[in-house]
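I've put the structures underneath this note.
Common to both upcoming complexes is chain A, partnered first by chain B, then by chain C.
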Partner chain A sequence: MTAAIARLRRALPTGVLLLGLATLVIVPMLFILLAAFSTEVPRPGSIGLDALSLENFEVLSTSQAMGALGNSVFIAGAASLVALAIGCGLAFLAARTDAPARRLLYFTGIAPLFLPSLVGALAWSLLGSPATGFLNLLLHGVGLDMTLDIYSRPGLIMILALYYAPYAFLLVHSALSLMNPDLEEAAFVHGGTRRHTLRRITFPLAMPAILGSGILIFALTMENFPVAQVIGNPGQVDTLPSFIYRLMNASPSRGNEAAAVAVVLTAVLLVVTAIQQRAVLRRKFTTVTGKGVKAKLIPLGRWRWPAFAAAMVYFALAVVLPVTALLIAALQNSPYIASLGQLTDADALSFYSLGEMLTSEDLLQAARNSVLTAVLAGLIGTAISFAISYTVYRTNAPGRRVLEFVAMSPLAVPAIVLGLGLLWTWLVAPIPVYGTMAVLVVAFLAVFLPQGYRGVSASILQVDRDLEDSAVLLGSPRAKAVSYVTLPLMRVGMVSTLLLLLMLCMRELSAALFLFTSDTRLLSILIFDNYDNGAMQGAACVSLLYCGVILVIALLAKSLGAKTVEGSR
Partner chain B sequence: MTRVTRTGEAGRTRRGRVTAAALAAAALGLAAACAPPPSVDVVDAEQASVDTSDGLVVDGERIADAELFAAATDEGSLSLYSGYVENSEKEVIKAFEHDTGIDVELVRLVPNRLAERVLSEQGAGRLGADVVRTSDYDIASRMRDAGVFEAHEVPDYDQLDDTVRYHGGEFYRVFNPLYTFAYNTVLVDEEDAPTSWWDLTEAEWRGELGITQIGAGGSSLTLNRFQEETLGEDFLPALADQEPRIFDSSSAALESLARGEVAVATGVVSSVNIAASKNAPVNFVIPDEGMAAYDYFVGKTSSARHEAAAELFVDWNLSRRGGDVFRQIGEFPARDDLTPPEVLGQTLPTLASGGVVRIDPRVLLDHAATDQRRWLGLFGYL
Partner chain C sequence: MKVQLENITLAYGDAVAIKDLSVDIADGESLVLLGKSGCGKTSTMRCVAGLETPLSGRITIGDTVVFDSERRVDVPPNKRNVGMVFQSYAVWPHRTIFHNVAFSLRQQKLPKAEIRERVRDVLDLVGLTEFADRGASLLSGGQMQRVALARSLVMRPSVLLLDEPLSNLDARLRDRLRVELREIQQRLSLTCVYVTHDQSEALALADRIALMQNGRIVQIDRPEKIYDAPFSASIADFLGVSNIFPCTRVASRENLSVLGLTGHDVEVLSRSLPTGPEGAAEGSGAADPADPATPRVCIRPEDIRLLTEPLPEGGNNWLGKVEVVSFQGSYVRYRVGLKGGPELDALVPRHGSALLPVGTPVWATAEPTAVQVLPAEVPA
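Entry: the complex of A and B
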């Protein structure tokens, strides 16, 4: 009897956590499944298993759906390759060569992170739209008879590659700079040439990081919605996420078919994520260690400056040109210009609209909402992540592996799909959460659970459990030992996780897409809404401010010594 | 780029960049005055003379009696769920608040997402709206079937015909946006602009057109039905041959038109009006064959917590004053005792002239599925 009670007591915390996570993640996915196999979308009063059918999957047999699937895979594949080339190249330059201004190169590698892909896509539609894109006006202005068309598959690939290259950069840069130089030295001692050593020693050692980041980028670009919508849609290039969005927004809404497409997209990502997890796990067996020994720099010789110039071209394409385009669009008095020369006219530009927007109630409300949801989701997310990590790594509670699996599962679920599932969950739930800020917090908690969990776990593993146990041995209750010993020791890790979550929540659009209403708009939603309502100037104004806010959080994170981003979206 | 590559070391490069950025910003600052861009107020709310000494009287029209107005004023605010274009709804609210002093809290979503929210809240017994405005008879009917609306008779109820009042006043048709096509005035001279729908199928507009996909809502369905009925069934195939750029929403199409990405696009008169008031080089055409008018409905909800304010809002919407506000925005008022709007210097035709074609909602419903299928097939979409 007492043994049974003891076991129950041991299982209770895990049970409560599992229940919580199930509501966050599993229930929405079940709703997606239900909707995909049903003729009615889940709604209060009309939910059940009596309208089951397979006909929603017929939409998949259409040529448009097959085209969208093909586009998704092709574009994500090509974008990952280009992003890898950029990210790895930059990482190599910044970490292992004598290229000039390597700190600037490092900044170049991560700077595009401050422009969410939505902002990048909007800016590039201003730059590269075939008729009046600024770059095309420039080309025509200097008398070149050529036209860039960003609304195309190559355009999509380029933009995705530009904004996802930092993920490859970060992972590969850390692998390259932490690499044990003894192995390379050994190769030299045995007569290996530099080229040979690079090929046989250095790159194989970095391979797990390269592969891992490549697959991560594939998964992220595959589920990316904003770029697909802003750049793909005008060129009639559909991808699965934009296809889901269109089905949901059709009139009458085709939610069941959207759910069927969502199931397919999730299935593809499930496979990709499984491969990625394996690739990431493999890294633990390599000899990449943080010994603090600086690896030798490789002299580039006459390639020093060309390599630097190439990096600057990337910086210009990913940051300078887009921000300039947004600034011009924010200041333009008329949405139409026939040549860049017009911008120098006396009344062509004005800060009026920017000022109006920056002080408008809409923007202030969205900024408040964004900060509030991000802070709440960050705090609660960090707390939940701690509870899970603690249960998984510090207890022998039954079911803790299941807990870990559920916590990592959102990685395989596209944010736009999770948002759809959450919409139906909270519409049906008896708690009045839909249409409030709370549902957005819930969405962000669910979407970024893996990142939070991973951040806190990494930190909890670095703190020896004996310290906490000693406190308990000396008579302290467990809870007190945790709050006075373990948590203070994990301070940096917890703050890093909190800031990472803050940053990710501030950037997120897709998860909130079906959950916001006009009084709970976030900055990202306000930009998308403005774009969707045809107010490009408004979208540009908010975008500029949005990047500013994200930059401030990033700087804050840096000054607090946080290590941001691993496996972040 | 060359400046940066010539500089050697990181710190100096950054300083160089900062200076360059500062110079660029200063140049922009010089070019950019802080003066407002030339724009016009679409609705002049202040213009109306309001007398509240005995009920609500605007420009001599008695909209509410003293009792209703006092009760509404006591409630002080109302909650409006609307599927109407956000900027236009805000103009309406501005005028209503000016006339009555009652605050309107707006929740705005595109009509089918609005339907989703209203039906879900209604199903859970927690509808937060006092008044709901939506396009699409189909959506209004589904809401009615779910018990969203409560009958309320507006002051001129008996003078309204059955295309305006529905189900004993559960909801009303208030106005009709007019769907036509518009052109970029910089790319296309007024005299060269197409003047009829069939002009759009001429070779010169090939690759220059933008249209909105049929799934975008009741507006697209109405335009489509108008094209099939009035222009004949050869029109859409001919239009598809022009390889128009297809947009997800009419606002996105209009924005591209304003930026000059397309020269001509289908568009809604009121949206063109508002865009033009914000200095976009766009104008609309009154085509020879006419234009399509789609419906917007408004109704008081059965769970309204601000009952008097909700009734006042519906009354005001259906009043001559309300109709006039919609006219100024560029919509076609449902009341037939108002003259058609004059927008961007063009006087719109009357319903009787045949220049404005309103499709009966039942006809629209009957054809919805087949129309969608045919359109999607013709344009190779979704």
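Entry: the complex of A and C
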């Protein structure tokens, strides 16, 4: 009798957790599925069960949908190849060669992370729009009769590659620098030439990291909405995410068809994510243990400076040019300029509109909202992640494997799709959450659950469970043992997870796209809105502030010795 | 306090780690669990501590039943008053030594003065008095081990569990701490369960040794008894008997057995009689060496003598040649290839004599009383 109660009590926390996660993640997905197979979108009082049909999937046979699918796959494929080339090249230079200023090279590798792809896309549309782009003005200014058109497939590919290369860089850099030099030295000793050793030993060892990051980038670029919208839309290049957005924003809104497209996008990502998880798992066995030993540097000879120059070109394209463009756009007085020469006029630039924008009620509200949602989602997300990690790694509760699976499942769901599902879930839910900040917090919790869970579980695995058990044996209740021993030892890991979540939430646009109201706009939404209304100057001003905030969080994280960007998506 | 385990079975998922294990530990006794890696030693301890829940069985500490699968009793670990020194020590690196040691007393909400006094006493006992305020992450391995010990001792546990507490230390420190541990255990007359897979540690620390194999206790007895009369060749192997050969009984002569080594043309005389069904195979000479029913000849390396000429009175006399010489200080270890037979491992006291060079022909001999014939495994 008492044992039955005890068993119930032991199963209860897991049950509650599972229920919570299911509401967070699974229910929205079910709503998407339901809407895809119904002619009515879920709304309060009716979830559309009585109007089941397959007709939404007819939208898939339209040339628009086929085009969007084709574009998505082609662009994501090409962008991940280019990103991989950039990331691996830089990683190799920074980790294993005698290239000059390798710290600068490392910074070059990660710096683009501080520009969310939304900002990057905006900046590049300032730079490369065929009519008024600064680069085109420059080209015409020096008398060249050629026009750069960023609103095109190659433009999309380039921007995505620029801003997703850091993911490849981080993974490959750590694989290369943790590689046990003994393995390479063994090849030398046994008569291998340097080139031969690189090809036969080094690259095969780094291969899992390269492949893993390639697939990750494919998944991320595939579901990327901001770049697709800002760059693709003017050029009439649709991808699946932007197609979903267009269907939702059509009047009347075509939610059911959007859901059908969302199902297809999720299915593709599910496959890609499954492959990626495989690659990550295999990596554990192959990328050789890191003893932190310095591997031998490879002399580049006369390629030293050309290699460095190439890296700097990347830095210019990903960071310097975009930030300059944003600055000019934020400071210029007339909305349009016909040539770059105008910028040197006496009153061409001023801080007037920047100041105006930065003190506007809209911006202050958005900044407050952004920080508040990010902090709340960060704190709650870290707490939930701890609860899940503890259950999975420290208990033998029955459904703990299921729990882990559910926690990781948002990886396979595009943020924009999850946002759509959450919209319907909370519209239907009897509690008045829709339209409040709470629904944004919920959305961020759901989207970044995998990152939070991964961060905290990595940290709990580093704390030997004997440490906690010994407190219990010494007479303390389990909860006290956790707070006296386990939590303090996990402090660094918990704080860095919190900061990672903060950063990811600050950057996120897609998940919030369908969930905000005029009172709950975030910085990212404000930028997008400004852009959507053609207010490029406002968008540029907010973007600058936005990047500043993200940079501050990143510096904070770094000074805490935390590895923030690792494991971010 | 006495500890009783009755018919304990523990499984992790589908893998059974302990099978129907029973053992009684007397008050003040030091029981050593000895066995190969993965045989279930740690699991047994964790059951006593309450960190694992057995499928079935009963555990009693003193007069309290702390676990009983039938009556559904399961006292949580923090109520069992069991001390445990983990293999990893599990000393909390973010607290001072004083806080580590005082933890259980604070948990009991004792008055501050008493806590201070008891912590000081126990730190005296383990020789760490002057380190009380030091952070625990700054300690050496040996000091950590003492903190872990002090932390458990201070709560005056009913039983102290030690899981390979010396395995992370270097050989010299290990020798010293082994003696200290035994001394403390005897002084406080603590009931102790000690886990190790080092046979010399087991022999030094135990009142009784329980030999474990595959989640079972296969032999439990006083150290010298187990040393002299292991139940099986694999136990003998564990206790340092390095000459183990499958054999068949050929004949008996006076009250000695004559054994043929399987696959070799060598005869061995033994005082002990082979047990089990192989008596029936007498004279066949073709027993399968992999068959666990095939008996094994077991000879300790230190029971083998090497002579330059055969013993006149007969007995065990095997001609061979020195193949490997390894100098070990007061002993020399030889590997001798027997003519028409296997290789013998011999540990010979040096007594200042010169080493036998490789290639030297020698006569190896062992008293028939030193030759044991044992089954390969204890029958399940």
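The working rule: the second predicted complex is superposed on the first by the 560 of 569 C-alpha atoms of A that agree within 3 Å, B and C clash if a C-alpha of one lies under 4 Å from a C-alpha of the other, contacts with A are read in each partner's own complex, and residues count from 1 in each chain.
Going forward, a contact is a pair of C-beta atoms (placed from the backbone, for glycine too) under 8 Å apart; a residue touches a chain by one contact, two chains touch by 3 or more.
Bear in mind the structure is a predicted one, so any value in this text is a computation, not a measurement.
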item	value
Side-by-side fit of chain B and chain C on chain A, or clash	fit
Chain B versus chain C as contact partner of A:S72, first or second or both or neither	neither
Touching partner for A:L474 - first (chain B), second (chain C), both, neither	second
Chain A residues touched by each partner, larger count belonging to chain B or chain C	B
Which superposed partner A:N369 touches (first chain B, second chain C, both, neither)	neither
Minimum C-alpha spacing, chains overlaid - chain B and chain C, in Å	36
Residues of chain C defined as touching chain A within the complex	49-51, 72, 74, 76-84, 86-88, 90, 92-94, 103-104, 107-108, 148, 151-152, 155
Residues of chain B that touch chain A when the two form their complex	1, 4-5, 8-10, 13-14, 28, 31-38, 85-87, 105-113, 115-117, 119-121, 123-124, 126, 128, 136, 138, 184, 186, 215-218, 220-221, 245-249, 251-256, 258-262, 271, 275, 279-281, 380-382
Chain C partner contacts - residues on chain A that touch it in the complex	1-3, 6, 464, 466-467, 469-478, 480, 484-485, 488-489
Residues on chain A engaged by chain B in the complex (per definition of touch)	43-46, 62, 64, 100-104, 129-132, 233-234, 236, 243, 246-247, 249-253, 305, 308-309, 312-313, 316, 327, 331, 333-336, 338, 343-344, 346-353, 355, 427-428, 430, 432, 434-435, 514, 517-519, 531-536
